[in-house]
Amino acid sequence: MAQSVPAVDPALLDDLVAANRILYGKNIVDGLGHVSVRHDKNPNLYVLAAERAPGLVTREDLAIYDLDSNAQTLRERRPYNERFIHGEIYRMRPDVHSVVHCHTPSLVTFCVCKCDLRPLYHMSGFLGRGVSRFEIRECAGMTDMLVSSPPLGVALAKSLGDKQIVLMRGHGATMAGQSVKHAVYRAIYAALNASMQMDAMRMGEVTYLSDEEAMKGMEINDRFIDRSWALWKHEAMGPKQ
Amino acid sequence: MAQSVPAVDPALLDDLVAANRILYGKNIVDGLGHVSVRHDKNPNLYVLAAERAPGLVTREDLAIYDLDSNAQTLRERRPYNERFIHGEIYRMRPDVHSVVHCHTPSLVTFCVCKCDLRPLYHMSGFLGRGVSRFEIRECAGMTDMLVSSPPLGVALAKSLGDKQIVLMRGHGATMAGQSVKHAVYRAIYAALNASMQMDAMRMGEVTYLSDEEAMKGMEINDRFIDRSWALWKHEAMGPKQ
Amino acid sequence: MAQSVPAVDPALLDDLVAANRILYGKNIVDGLGHVSVRHDKNPNLYVLAAERAPGLVTREDLAIYDLDSNAQTLRERRPYNERFIHGEIYRMRPDVHSVVHCHTPSLVTFCVCKCDLRPLYHMSGFLGRGVSRFEIRECAGMTDMLVSSPPLGVALAKSLGDKQIVLMRGHGATMAGQSVKHAVYRAIYAALNASMQMDAMRMGEVTYLSDEEAMKGMEINDRFIDRSWALWKHEAMGPKQ
Amino acid sequence: MAQSVPAVDPALLDDLVAANRILYGKNIVDGLGHVSVRHDKNPNLYVLAAERAPGLVTREDLAIYDLDSNAQTLRERRPYNERFIHGEIYRMRPDVHSVVHCHTPSLVTFCVCKCDLRPLYHMSGFLGRGVSRFEIRECAGMTDMLVSSPPLGVALAKSLGDKQIVLMRGHGATMAGQSVKHAVYRAIYAALNASMQMDAMRMGEVTYLSDEEAMKGMEINDRFIDRSWALWKHEAMGPKQ
């Protein structure tokens, strides 16, 4: 109920609106796709827009959900069908504070092929921790491909496991991060790595980052996200925001 | 005659203008290409711009045609040479209420090759109903490739059959939909699927949607078009329209 | 001398400025490249900007040259080094009234490979008349690749022959047209055809337009250039011009 | 110390700000990457922005460093971790007056593959002097890939040798030039050449520039950079700057 829901840090809401706009501006999401953040005061709640294209989301569209993905606020609005992706990952992964779900073309291409998505450079070192795959046929047979129920959300979260990203066959991808900035960063650089890797694989043998390079690359880049974020937010929201 | 033509729902005209601008903004059409809608009060009429680049079309450019593709209004303007594509599809397919014709690069590429265009993900599930092909040589020999006469329009409509899309060799593609929004959606996602499929095919074996997944994906996405449409219209026409 | 040079039709100058901006907006030229038009009152003169990036060219930058490519006006400005491309084609080809020279990436790719550039669809039917190749080594050995002298201009014009386009190895391409609009159109659609053809060739056997289809396609499209031109000019110069 | 640092030519600072914005606008750098210029009055100093995304850099962000990459001004700001790239190249290469470091996708692709980056056309003739490669494993084993210490900067500068560009495995590229304009030009055309070369290599045998053509092409294009620069600066900084 709304009265029991603590107020979210306004800076976090601003970041979530910016994340929606950034992901759209970078062609990570189109009319569909979504990004959420775990509530900063109650880990059993998360913030996600009601059903709307990410490129149009404002603070007024942001609703609060519990981990069963029941809306605690903004109940008069229709929620995203696939909100269970977010709720079930937050339930299974206490370290995750933000989730992005998207249908980015370069990632969809990897979703339907057997090639592994692997880190080409330090910017996508997070891929070195491994990239999970989710085959919805294994848990639900022939479906409309959407993760639109709690059991499907659980199955997806299990597929993600302890990784940062899961490729969903015939659908798209889902990324997890320790903050909105990290989840957005991973979506952008996973897509860019996928695009470069397709080119590289056509040129012969490819030298990927070693596991150690990937881990160290991820650690250093995770500390410099603010530099990129300042640019992205400036572009998506204008100089004043 | 103009006096016998009932007024078209203004919201439909607005959608048709937006469709022209959206298709241009998404690089589905360039200076050429067109989109039409069946008249909401008389199924034997349809609305299509007089000859003009889609990116410049306004409500003042919209004319009404009968199914023989004779202009009922705006007769002082030159009509599109290929308006028969629209008229003959509306005549043969009562379920179709909007038609897009385009020369989108990723689709032209499939038009001149033998690979089947197949659905990679739920967003293009409509491709699972099959993609027709039109070879103008079969009905008319060596031509300028344009569907610029009633018999050619009939031949194209027959090629389309009960499908949602027909690839026209050496020319482009034509999509049909139950509404302007659906036809525009199909044009956008057919082109995107074609582009991704070219990448995927270079990476080895591809897992396409099964027929059942495609059908279910189409059904669910057909119900969520308004989410994308709101974004597209906002971008193409500005926040006020 | 300036006093003997008749005034050029202002509409032609406007079109030439627009052509510069359109070619830049469409990524056909970058900081380099140029477009000219034959003088409408004296076929032994042509109009070409003094040295400046096409994207910045205004009417004040337009100079008049004779067919030896000596400036007749605006002599205080430095001319393009490669103006001889224009002068020598105008001398050898009375049917040509406009010339575009560019380094467009998709065309440069064909320039350095052995694959023929062939028409995939009616929009590029003009390629069916054949695409010439210019190998500067054959007439001048090891050079800086530029057509920066009258003899090199003559050699290039001879390579073009009676075609509409010549691919220059290690350099770029030059297109000829019966008007500014036609030359610009050919540059845009040659580049687009090149890009699509690269994709198509990777997908197996390609069905190109037959010679007759190409010729008929060219004839019909040459008559509809105004539709595209209105759009391109609107975009490049704003709604008022 | 600040009092011993001579003032930099304001035009040079303007160019450096423009270079940051141009490189961002051309997708050579993203949130990361940087560009520097050697001090015009003291060759043992150079100018580089403090830590900030290049697309946001203003004159207020520009700091002065000595060749050990210690900040001489703006010490309250955090410097780029990889400033040693700049300092050590300036120390080893007196002819170099500007350095660009970037993670451009088409160049990263070449970095992780074994194909040589070679000049396809005169615009990238500078590649004919050779393209170095830097494998950080050879001097430092498994790292986070960053050139974030003086010894790594020395190793990179040694890899660059007397070339204009070095490809850094799993990381990006670094370009050197005799001026800011030349370094920016090389970054832009190295990336464009890489992209075209990937396409060309898929089409069969490629004719690259000969060494002599490349050298002559570089010489002529080095003299015409102002034409492109005027366009780039206009686009990046607006018509007034």
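Per-chain residue numbering starts at 1, and chain names A, B, C and D are given in the order in which the chains are listed.
To be clear about the criterion, a contact is a pair of C-beta atoms (placed from the backbone, for glycine too) under 8 Å apart; a residue touches a chain by one contact, two chains touch by 3 or more.
Fair warning: this is a prediction, and the values are worked out from it, not measured in the lab.
Peer 1: On C-alpha atoms alone, could you tell me the rotation angle mapping chain A onto chain B? Nearest 5 degrees is fine.
Peer 2: 90
Peer 1: Copies chain C and chain D touch; is their interface built from the same residue numbers (over half shared) or different ones?
Peer 2: Different: when the shared numbers are divided by all numbers used, the fraction is under half.
Peer 1: On a CA-centroid basis, which chain has its centre farthest from chain C's?
Peer 2: Greatest centre separation from chain C goes to chain A.
Peer 1: List the centre-to-centre spacing of chain B and chain C in whole Å, with centres computed as mean CA coordinates.
Peer 2: Here the centre of chain C sits 33 Å away from the centre of chain B.
Peer 1: Taking the mean of the C-alpha atoms as each chain's centre, how many Å separate chain A from chain C?
Peer 2: 47
Peer 1: Chain D: which residues touch two or more other chains?
Peer 2: 202
Peer 1: Linking chains that touch, what shape results: line, ring, star, complete or other?
Peer 2: ring
Peer 1: Contact residues on chain D for chain C in the complex?
Peer 2: 120-123, 125, 192, 195-196, 199-200, 202-210, 212-213, 216-217, 219-220, 224, 227-232, 234-235
Peer 1: Name, in rising order, each residue of chain B that touches chain C in their complex.
Peer 2: These residues of chain B touch chain C: 30-32, 51-53, 55-56, 81, 103, 105-106, 108-115, 142-146, 169-172, 198, 201-202.
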